[in-house]
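Order of writing sets the labels: A, B and C. Residues in every chain begin at 1.
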């Protein structure tokens, strides 16, 4: 045990003596969260909207005024035909077109519902999301006001949202969970894979091997310090997204932390596995960065929804741990669901972790090649 | 007396290259045993087999009476190993390195301080310095201290003197000599022939084969011919001219002179006449005693 | 009449308050094999950087191949070659590719490079290796090729860093013969090494300690002067920091070759 603690102490010394490592460990995640978070939480002010009013009645007039006077939007143009929509987007100043269907006011009074379409410029996903969300909020507000004098609670305006260029835009809340997922696996796998290959490269591994330290002690000795630091990192990231962006944790925070620990552990053991197959630090960095970053960004559902991918990619993404963690973290943070809805993903991560540990202990060479 | 290392017929291949070919030797207790040979001769591979880091393809090896393949766990506790590149943590201080290796081997610096005091005292004034900031000589002393800290029965030093200046090297060999009194057996490798004389016994190794094993004195005495040094200002011309002389067997540059052997093992006036005829008049010829390197050359020529 | 290819007068190089080179004075002549020795940290590397145009002196006069080390560093670089034991050739390129590469770097014409390749391969009996990658060559051959490449552009001076460290005795001799042959063509060889037996092959050697040159003469004269059998013993007597004024002779009972 004393041997093991001595080893852990040495690892901490390495970490604290290397400012660059500390910077990567804490600085980069914070910076990424801030960058991504800022990008998605931009306030909109005076975003250009064009109005296509096919009804021209009192109600549409009032609703248009309410939207324009909210301060979030400014009217760029009044359109006359559907055909103008294409052009108005091409000009670039208009972020969304609001369309009132023909006989909007009449139907609202006679049938109790009318529909309104919002077409947003999907080439700027974040702005598009915000514009539509704000518009919907204003419309909902408007319905409430209308409902009282009409004494008819069934009045509804159905906003129908379409994206002009990027029809599959998803909620912006996915970004922060996605970034957390990406950062944790990158940092953890990178750190541990580099720390072991460094010992190989400097020849210190030879001496460690010719010592009474057992492989599992060396592996755990490498994992534990980074586990502790990464967990602090998780707390930091969650605090940042809470205080700076107001990202909620709707579900159990304990469950969230427990899942994060599992995910960190999985990533660290993956890093160990990477180190057992790489000859030097360069390779380890390359495998960790390129081998993990691109698949995580592209295939884990972080940016592109898995359901829209060709089946092949869907199958490929099944071996990616981030795919499952994104589901877990989004469920807990945004939907507020409990373990019953994410036990499958959790179980998969546990199995992966055990698999990686088993494999790295097996692959960890007690001798040199 | 028990043999610390007993090796018979060890071979090791990497792909198609034979790194070690039928290596047999034995090392006695408290001996300083040197493996002398150029880079690529197989010294490091052999040392990795001795330290249980590699398994031989063929042959048997017993270290400290234990089997390298099956008893490696027990064996590793009793070996102090200093690999070719000094295995120090560059970002830890001198003191931290030493403490780390002590704990890993389940001991403390205080417990075995007496063993390393001679060596460590040289670097103790710098104990707060990062190992990466030490000079070559100091790194070498720290690495040796780290390898000794658990009082190993066998000390394995792979090229400890490479890249270190002559002063530090000389001190290093003095230290190894002193370790003998602690009953520590030392095997050491070096590409530098002149270091052979500092060992009790040496094995000359080349291309994975042992050319000779004996006390260094006896290896020198094994030189089969009379050896002469020939000196002239124009060395290059001298070598070429000597090679053309019919009675010359071998002529090799050796420092500031040329080491020559003759078919008839003697120098007579015909040599001087020949050299003068070729335009070299300032020669000085002396008989000399062969060194390890002369013997190594002779053995290499024999095997080729 | 000997031509001075390196002239160093009152050379001082300081890093902050640290004096790395403290008033050095020496000359090296055309076709000479000059050994430049010193303990770790004695200041050799600093001097070599200055001599090869990589660093400027703090004060003093330095001329290399007739060019000034303050202003004409580019010309200096064109007129020197460099070879060290650890790195010189690209291991994943073939023999031929390496030669073409270095020929190109030093601005040799294509036809000249072609000619040199043929010459070199014939001289080293290397033809069969022409299209092999360096990593597959035996160590000794690699070393010899590295040297040939360093003198490919016929420089005035070649800097050699531990050129024969770790090489087998036969290759080593072949290597020194190549060096002698090069020196006979008038190229100067500036050898740095930790290994005193390498120093014995040099025409003249200088020994540096704590930024100063403490000895400079032929190996033979130095051995006579300090009454020792080898240069190693001379070195140990004078190169130890703080031993500028010789101590009483250190007993050195070990027998040496010679």
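Operating definition for what follows: contacts are C-beta pairs under 8 Å (C-beta built on N, C-alpha and C of every residue); 3 or more make two chains touch, one makes a residue touch a chain.
The structure presented is a predicted model; accordingly, all values stated were derived computationally and were not measured.
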| item | value |
| --- | --- |
| Reaching chain C from chain A through chains that touch each other, fewest steps | 2 |
| Most contacted chain pair (by C-beta pair count) | B-C |
| Chain centre separation (chain A, chain B; CA means) in Å | 59 |
| Interchain centroid distance [CA atoms averaged], chain B/chain C, Å | 25 |
| Chain C contact footprint on chain B (complex, rising order) | 37-41, 135-137, 162-170, 191-194, 197-198, 206, 217, 220, 235-237, 239, 252-256, 288-294, 296-297, 300-301 |
| Residues of chain A defined as touching chain B within the complex | 2-3, 5-7, 9-10, 13-14, 17-18, 202-204, 206-213, 366-368 |
| Chain B-facing residues of chain C, complex | 38-41, 138-139, 165-171, 173, 176-177, 180-181, 183-184, 194-197, 200-201, 218-220, 230, 232, 235-236, 239-240, 254-258 |
| In the complex with chain A, residue positions of chain B that touch it | 48, 51-55, 72-73, 76-77, 79, 81-92, 96, 99-101, 103-106, 146-147 |
